[in-house]
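Heads up, the thing below is written out as structure tokens.
For reference, chains read A, B and C in written order, and residue numbers begin at 1 within each chain.
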Amino acid sequence: MSFVPGLGIAKGMALTMRRFFEPKATIQYPETAPDIAVRFRGRLQLLYDELGNLKCETCFQCAAACPVECIDMGGFDTKGRFHVHWGAAEQYAERREESALRRAGRPVPDPAYSRFDPIDTSAVDGILERYDFDQKEMLAILESIQRTYGYIPVAAVKRVSQVSGAPYALIYGRATYYSHLRFEKPRHTVAVCRCTACLMAGASRIARSMGGALGTEIGRPPAGGVALEQLPAHIPGAASPLVTLDGTPQPRLTAAAAAALGRTLAGGPVA
Amino acid sequence: MPAPQRPPRPHKARPAASAASASAAAPASKGAKRTRRPAERQPSLDDPRIMLDRQISSDLYEPIPPYPTRTEREAEFYTLGDGEMFLNVGPHHPATHGVLRLVLKLSGEQIVDVDPVLGYLHRGVEKICENSDYYHVIDQVDPLEYLSSLFQEWPAVLSFEKLMDVQVPRRAEYIRVLSGELLRISSHTLYMGFLALDLGGLTPILYGFIERDEIVEMLAALTGARMLFNYFRIGGVNGDLNHEFMSRLGDWMSRAARQTEANAGLLNENEIFVRRMRGVGTLDRAAALSYGVTGGNLRASGVPFDVRRAHPYSVYPELEFNVPTRQEGDSLARYLIRVDEIRESLKIIDQCLHNMPDGPVMAKLPRLLRPRPGRAWGAVEGPRGMLGVYAISDGSDQPFRFRIHDPSFVNLETVTALLPGHLLADTMAVVASLDPVMGGIDK
Amino acid sequence: MSFATRTWGGMSSRARLLAIFIPVAIAAAVVTVGALVLLGPPFLDFLGANMPLVRFVVAAVAILLLTVPTAFVLIYLELKVIARMNLRVGPNRIGPWGAAMSVIHGLKVLSKEDFAPTGTDVTVFTLAPVVTYMASVMSLLVIPFAPGLFGQDFNIGLLFFFSMGGLTVVGLLMAGWSSFNKYSLLGGLRSAAQIISYEIPLTLSVVGVIILAGSMSMNRIVLAQSGSALDWFVFKQPLAALIFFIAATAEANRTPFDMTEADSEIVAGFATEYSGMRFGFFFFAEYVNVFIVSALIATIFFGGWTAPFNWPWAYNLNWFHPLSIGILGWVLIVANVVLIGTVLFAIAARLLGGREWGLWDAIGLGFLFLLVVVAGLVGTAGFIAFDWVAGLVWFMAKTYFFVITFVWMRATLPRVRVDQLMGFAWKWLLPASLLNLFVTAAAVIVTTPGGAR
């Protein structure tokens, strides 16, 4: 076929010239807002309720659920305000250097967390060894930590994140999901044994009245700085029903005495 | 874990040699030339900072195994004949459709041999899918061929539905077909644009992007995202059609046929374009079948194989459409097939809209998915060919093996057969006409 | 702290700027006026005595100064026109309607690091852009912009132009060879082959015009087309015009013949290793080439600076002699017009625009308006009164028409492959131009009474 610039090229050029005069498809962005669909989920925004308060409570559940681990957040603890970042923790959050280096297994000083009490983390290392650094056993790991320290210190969570390689946000999200895990050291911890012998001796009534006095239940967050727990095992040689206050077994308690003890501990007047 | 302590290196002090190397490294006088030949830049072997292989292997560690011997093909390729040279159309190139490296052996401007090097975009998707829940897999598999994300999710979802014996509601199937065909049109329009861009025409790609923008905005109204949709679910789709999507779709359909014809007309009859593409990169029928090429490239070589007709899935048996086939097998035929497929997709979209049934869009499934142990294969006809997923489940909540069969990978292999004998400028025409997307090739 | 330091520290930045600017401006004005008064007349006498030298210097300086703004305008035009054809808007943020984009590009290119990659031949590498640019610039010497407004009127002007075109090949080859890069080598060789192949149809197609005009001087060619539009050579030599157009596109390395800088195949061709101002030179050279080639088409085939029809009125503004007012008179007139005009337009802007125009904005806008109006008036007066202004306007209009045609082709057409390009030149354009030459010569012999000259 002879290469004579003919009809095809002319038709193409006519089309371009026609398009020269047609309205353009450019949206001048800052002046014209683009027409975004309602369902568009790329628009990241936190919602406010009708009173103007931010709904987000930095509960870390979205971070735990995210399949690509791209959400991290800071809250009142580190920033003094709500502040949620969307992005890898390596880039956005105050856990930036730490997250970037945690897979290297090196401890990293983090100035944002300097006001959290440093603790002795050798116990945490032991717990992790026992569970073989498996992220799937995170609940058991956290419960062990709580049993060891009485609460879950932030420094322990950081140590777990650093050694096991799981992102901080995921661990924190797991921890806040369960109500029996707590982040503050309670002033007092009351533990009720619920083995068969103690149950026969009325431990459940004691637990209920204690809980009523304190305002919480076994397995719920502490109230008034006092945590109500279940003893994991009956201390050999102790009488039933067994109630320990901060680890020391209390003498025989009735339900009323338990309620009184609860009120004392909570700081109210003894009825 | 602290790094293992290394024993200190044996440090042989050779003052005479170090003085010589120091003087060789620094320019001796003001009048020395500024450009340093490569030979000068290599430190001499007596430099105490260099540890030779024999020192390492004899003193510290086990002997280093010898460099793997060259394969025959490598040896054949990397020996230069008379008047030949290597040209590296490297990963950083404006026209290689992503990060593809083609090492060309040229004799003047004519290509003698080609060695494609892949793997620059490898992200370990198959391995990640082995460690994710079944829901997460759909999200992970989206960015494979990012221009047509839904077609990546579809075979995954098909294979999982076979593993779990899930019946997908008919409305969901129709929505899948509708969104898939829309995305096919968008992908083909972009293909035309990129082909023209590689050949030097600056305009068709902009027109292609206008089309793609409209389609992708439509799909954002439907799925919630513009490019990586994450829309298909096991047992259906994530969300029904809504008013915004239907209004945008109606708007677009009223203009679609005319606009695509106009955009295609800019290239179809352009003599320069046709002369660049006709007879270039001819893939004959037997070679196409032996390579395992699928999709438009196979149909351009005369084999009317379309997965939608050969191994029907979803509601395609109920829809009427043709399978365009051409006999020439050159780049122009591959391009024209895509233009024909756009028309067919418009017909399919019309039929979907007319026959859309009512009903739920998602089957009832448990929260935690644990399919029975087994294997399943799901394949769809993507814009580039047959996209398949071979999923093996071991009864847990994560797939045991998730193997992706990507059409671009196979299509790109034909480059070694198509290119030799053509000129350097034809590289772009051939590679662009095969429509590779490196995300899918490198997985 | 001394008084000076305290005062300086206390001033705002605007005040500081004025405090520096005003004394410097006054000093400069005094020096200039003094120099003019004292040295002016002897200098003018010297110039008057050596007119040809003056003319040469002025022409060379004017041409060098003309190229960069031309390139800027062309770059901007290309960006906007191609964008409009692509259904998008093009640069519109920098400056009004994006007009300062070219300037920013120029500044950007100036501010890049200046290096020569390892392994290059540094002398050749540095000289290549200079050669290419100078070849383009020197071609501007022979183009007649208006009656009397040209650099030099060689009587082999056309031949000079083609030889300068050949010189660009040298520059491109130097660039391709000295970069230590296979892509550049391929680009340079392709460019050499392309330009050399297309020189021949280019030159041959113009020979018919030379026969018709009787001379190779560009001025004579334009004068041979004076009269009306029907005298233009495009109607007498349509085939030659077409061949010249296609070959000129190839000479200027424009799409569809831009294999040398095919940026989807050999990255940037010969200019792959260039960055910063060296690349800026190549860039400018390309756009100046486009301008030159369009100017040439306009000159040779479309009448140059002649108007398409006889301009009906040609006033002679003889009753107004500019020098009769004197310098002081001119200063007074300019000052008054600027002040009063600015104030009037500012008031108008303020009234029409409502309260949104602040004081300084309104004054600035008024000044701009005034400039536009005065330029329009002066331009119209010049167009009517001076034939060189009219000629310049027509010349520029025709040239930019062809420039836009080139840009239009770049927007629409894909690239031609190297072997197809060469095949086209040697197999089609060359025989066509020879055919054209023979037919023209035969026609001239047949129609001239008394045989050939």
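In the analysis below, contacts are C-beta pairs under 8 Å (C-beta built on N, C-alpha and C of every residue); 3 or more make two chains touch, one makes a residue touch a chain.
None of the values given here were measured: they were computed from a predicted structure.
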The larger set of C-beta contacts, choosing between A-B and A-C, lies at A-B
Chain centre (avg CA) closest to assembly CA average -> B
Computed over C-alpha atoms, the centroid farthest from that of chain A is that of chain C
Per the C-alpha means, the centres of chain B and chain C lie apart by a whole-Å value of 46
Distance between the CA centroids of chain A and chain C (whole Å) is 68
Chain-centre distance (mean CA atoms) for chain A and chain B, in whole Å, is 39
Two or more other chains are touched by the chain B residues 203, 210, 266-267, 270, 272, 275
Check: chain A positions touching at least 2 other chains come out as 3-5, 9, 12, 15-16, 25
Touching at least 2 other chains, the residues of chain C are 85-88, 411-413, 420
Seen from chain C, its contact residues with chain B in the complex are 82, 85-88, 118-120, 122, 182-183, 186, 255-256, 258-259, 262-267, 410-420
Per the touch rule, the chain A residues reaching chain C in their complex are 2-5, 9, 12-13, 15-17, 19-20, 22, 24-26, 28
Per the touch rule above, chain B residues touching chain A in the complex are 1, 132-133, 135-136, 139-140, 203, 210, 213, 217, 220-226, 239, 242, 244-245, 262, 265-272, 274-275
The answer for chain A against chain B in the complex is residues 1, 3-9, 11-12, 15-16, 25, 35-42, 67-68, 105
Chain A partner, complex, touching residues on chain C are 81, 84-89, 92, 246, 408-409, 411-413, 420, 423-424, 428
